[in-house]
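Lettered A, B, C and D in written order, each chain numbered from 1.
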Amino acid sequence: MNDIRELARSKMSICKACKECNGIVCAGWTPGCGGKGNGSTFIRNVAKLKEVCVNMNVISSNEKLTCETDFFGSKVSLPVYVAPIGNIFVHYGANMSEYDYTKALVDGVGKDTIVFTGDGQNIDVLMEPLKAVDDGWVVPTIKPWQNDEMKKRIDMIKSSKCSVCCSDIDAAGLTALKTGYPAVEFKDEKALKEIVEKANMPVIFKGIMTKDAAIKCMNAGASGIVISNHGGRVLQDACSTIEVLEEIATAVNGKMKIFIDGGFRSGSDVFKALALGADGVLIGRPFSIAAIGDGANGVRKYLDKIHEELKETMMMCGCRKISDINRDCVRVSWR
Amino acid sequence: MNDIRELARSKMSICKACKECNGIVCAGWTPGCGGKGNGSTFIRNVAKLKEVCVNMNVISSNEKLTCETDFFGSKVSLPVYVAPIGNIFVHYGANMSEYDYTKALVDGVGKDTIVFTGDGQNIDVLMEPLKAVDDGWVVPTIKPWQNDEMKKRIDMIKSSKCSVCCSDIDAAGLTALKTGYPAVEFKDEKALKEIVEKANMPVIFKGIMTKDAAIKCMNAGASGIVISNHGGRVLQDACSTIEVLEEIATAVNGKMKIFIDGGFRSGSDVFKALALGADGVLIGRPFSIAAIGDGANGVRKYLDKIHEELKETMMMCGCRKISDINRDCVRVSWR
Amino acid sequence: MNDIRELARSKMSICKACKECNGIVCAGWTPGCGGKGNGSTFIRNVAKLKEVCVNMNVISSNEKLTCETDFFGSKVSLPVYVAPIGNIFVHYGANMSEYDYTKALVDGVGKDTIVFTGDGQNIDVLMEPLKAVDDGWVVPTIKPWQNDEMKKRIDMIKSSKCSVCCSDIDAAGLTALKTGYPAVEFKDEKALKEIVEKANMPVIFKGIMTKDAAIKCMNAGASGIVISNHGGRVLQDACSTIEVLEEIATAVNGKMKIFIDGGFRSGSDVFKALALGADGVLIGRPFSIAAIGDGANGVRKYLDKIHEELKETMMMCGCRKISDINRDCVRVSWR
Amino acid sequence: MNDIRELARSKMSICKACKECNGIVCAGWTPGCGGKGNGSTFIRNVAKLKEVCVNMNVISSNEKLTCETDFFGSKVSLPVYVAPIGNIFVHYGANMSEYDYTKALVDGVGKDTIVFTGDGQNIDVLMEPLKAVDDGWVVPTIKPWQNDEMKKRIDMIKSSKCSVCCSDIDAAGLTALKTGYPAVEFKDEKALKEIVEKANMPVIFKGIMTKDAAIKCMNAGASGIVISNHGGRVLQDACSTIEVLEEIATAVNGKMKIFIDGGFRSGSDVFKALALGADGVLIGRPFSIAAIGDGANGVRKYLDKIHEELKETMMMCGCRKISDINRDCVRVSWR
């Protein structure tokens, strides 16, 4: 991965592709790849993950280990997904089109996992990536636009082959999208329900950080949520995602899929989230750096690394399949 | 704000206008802007605020957001007030008169919020600022002088248009004011009661750090308190203000207004105090630096920054008005 | 010990023989002496030991102090054992044969304690060390090979004079040993039972980190376990050994011997483990550095140092023999 | 104090008279002024004191503040005593006789407080200091010698005018005193009782760190104890003194005087100990540095500084006399 990071550094002007991607160097670099304001939310995402450790347990069978998971009817090789990042030029200073960026991601991960794609005021940010995928093996993520625009874009997705969609409703807080046209807005439970009904396919709401919000998503008919603080890019001084996961999972109690993002870097990090109740993990920055640095090849290498690390962690904790991972597999320092 | 800090550095000889104003560089600089002794109290004020994080919650209406608050019958745009700082030359090494300093503050904040003004042995420190304001839109803060002087100064305030006054009773601990004339003294509950009766207007006592002291203020008829350790300038090794807020708020139970100061720098810091039970926050050093650096213009910029940050935090935590902010909005690491 | 570390540095190319051996410099150096991946497990092993402190208690008799302990019928001078490390060239970059390495260890410790020896795909790694010892005063530690190989090697041990053997079953996770011949495999409770029955001597299973695994070992007939995460060399982000010790000891309740390794460096560290329920401590890296640096002489010096420190700690905590050490002798910060 | 530290640096070869005396620079410098081994005990003494903060409370009377305390029938101006340090050449590398060192201390503190003096194999270390004081206003501290020597030295003290004596029974762990003549030994409850009876004056046992040991001292008839780990100089990895104080004070329940030492540097540190149950605090290194640097003049300055800080802390926490200080005056982070 050192090579890929070095390549990436030569191809982008904002992100420094640090050896440890922890939000410290880039604190406050928004627009850009850093956390908002003092950068504390991004930094806390990474720091709190270190306060979870895994319980090694080697007494087990030699049954073949698999990370296979169901993602709304599709089989993926591991429950790690590519987080939606659009406007790669604005965020990384990389001279790469949305199409090429998505192409690198989807070619890189193949059918092993699924790429979430982004959105922007310019509708090309939403649609160009979809052109890079011809079989619907992607999750378009729409910004929480005002009603008419929202419906228009949902219709466009429905006319693609995609069978699951997402909306990062915390993007309502993105200053840059509050003015101009279309503009984002906040969604209440009723508005979320309308989106779900309009979409007529499984809908995932991204940007959930409390159990109350999770329950509202359930009530609105969501099929899943992403516990996310937008990588620390919409609010300073927010809680980390990993520390709110368990109480949200307890409240949801299996009635909705729970995804999470925010500072996950290794397979052992992914394992921690699964143990605390997540069904899958979205990873953003490292995939972006891999795609910018070495295209599909870099993405593949990073995915293989995460996959290998997840397998090793499972194997060493007595888990042979994803459903074997449970709360007893980790120990948390913050309680 | 970088520009304003740079300007300020060129106009004062003590404070270094650090990028992060956290009491580390100036530890022990008293007289001056630093914390007393080893500086631990100032440092702890800032550090403990970082152990509170906010619960992001974006499922909400798009109702217009307002930070409007009532301050003893006056409407302010946000519950953030300018803390009383007198003797700007002694504390910052800035060549600025009390009059000009106050003028910059009151012109800067306009009617958006209220400036607390200071006091000193030289009565000009109390009265010059009042000359800068002709409509009573200011809270004069009297030192806890011995009885006769206290009454004399209260009479002078009563003859101004001010309708609320304050006394920073923890100034009884300021070595420089214990000798000479007039001298400060400690006030017991009976003495506080006399002050309240003499003033015949809402009185706020500043420098409260325990629930016992808060209850004594209530018994004495105070209309409000400021939880404060004088910015760490009267005692080393004291508790931070944010960590005592919740238990004082619980004891007071709405029967008195609770303000707080000590290391608040951003709108998210203000939000944390409101969530833990405060009715408002006083901010000192950053306003002083802004006033010294760029006068009313600097003050306005800093107030707008805090206001914007507070609105963003509220918006991202599902709050549309100040009264929406409650204990569920934050998570505290120290319990 | 400074001299020995300096000598060692001149004789090996990987380990830096740091003054404080804490896993920070060598993080990720595998193969080599460092912790796997981000090195967090090795680092946590050392860090968590610092969160235990001892309760000094000097009111006691002057009875002669002894650290003598029974090790499965053999009397050792102190409950500190040399951890099994094979392939000294691969791990330390030291040009030393397995035979010479073991010879330095066993000559160094004499009959004061017992050396655990290592194993490898090349059977010489197992057998050469045994040639260095002619009286069985050693604990051979077999990798968890697939069944036939396991039985073959157990037979070889049975034909030596050794009366206790060990298997580091967490080596099933060592990537380098998963391919080639023989290959390692995971062992379930049934497989462990077969090993115990085949061995027909006391068997110790090494690499236990949960009470569930400990109970399985008991059920399989093990005579002892080593609480170990392989020095942080098989998994990143795992718990430290010292923090799981107490709950495992409570579960085992004296029915099996409990050993532990992972970051123990001084006699006071050993004391902490004994107080939290261990019967003995295995130490690896420091003995390797001593053996590489100054042979039997270095090993003796390090053993004497640990012995002296353990005696001092016991003496200052009111303990005159190993069985005097109990839970009241330490205070733990992490609860 | 900066001047005094600078002078001291020029007159001693071991201690560096650091601005913050916290055991970090001198870790392991024994003999010398540092903590034993890795220095962790000395460092923890200082660090844990920082986890206690004081509850400021300014609503109070203006009654005259006094720190006066009774010390076994003698009135001292403040409950801060000079800790016994002998062999000033060995520990600080200062070319100063025991006589001159004690003379500087007793002349410096005058009748404001009391100096504990030291002891050594060479009986001059015990007796020379006593020559520096002609009125018994001193507490000789005898090492825990074997019986005959102990009794001989107690007789010598009884023939002086001293009316209280002390024995630092944790010196039984000092390696340098275990061989040669006389040698130290551990004392059990019976031996402590013999000492108390032989002395026939109030006896204080120093080096107590658990409630069990404290109770044994009570049973033996001691009049007081010093909670002490010998400044971290007899054992590494021991608990700090401040963290064991409260539980010992609860167990003793006023039936014996409780003193404490270990890292106390300021008047606010002293206040913390008094709030957690101590009757007085012994301070060592800072007094030594003051005496070496500027003789009686330096000692007086340091005592005045501590006295002033203690008065300020009491005043700002609503305490007017030592007995006003109670558990509500502080907040502890480690529980």
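As a working rule, contacts are C-beta pairs under 8 Å (C-beta built on N, C-alpha and C of every residue); 3 or more make two chains touch, one makes a residue touch a chain.
Please read all numbers here as calculations on a predicted model, not as lab measurements.
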Relative to chain A, chain with the most remote C-alpha centre: D
For chain C placed onto chain D, the superposition rotation in degrees, Cα atoms, nearest 5: 90
Centre-to-centre distance between chain D and chain B (centres being mean Cα positions), rounded to whole Å: 41
Distance from chain D to chain A - Cα centre to Cα centre, in angstrom: 59
Multi-partner residues of chain A (at least 2 other chains): none
Touch-based graph of the chains, sorted into line, ring, star, complete or other: ring
Pairs of chains satisfying the touch condition: A-B, A-C, B-D, C-D
List of chain A residues in touch with chain B within their complex: 37-38, 40-41, 44, 169-170, 172-173, 175, 185-189, 192, 207, 209-210, 212-213, 216-217, 229, 234-240, 243-244, 334
Touching residues on chain B, where the partner in the complex is chain A: 20, 50, 52-62, 266, 268-269, 272, 309, 312-313, 315-316, 318, 328, 331, 333
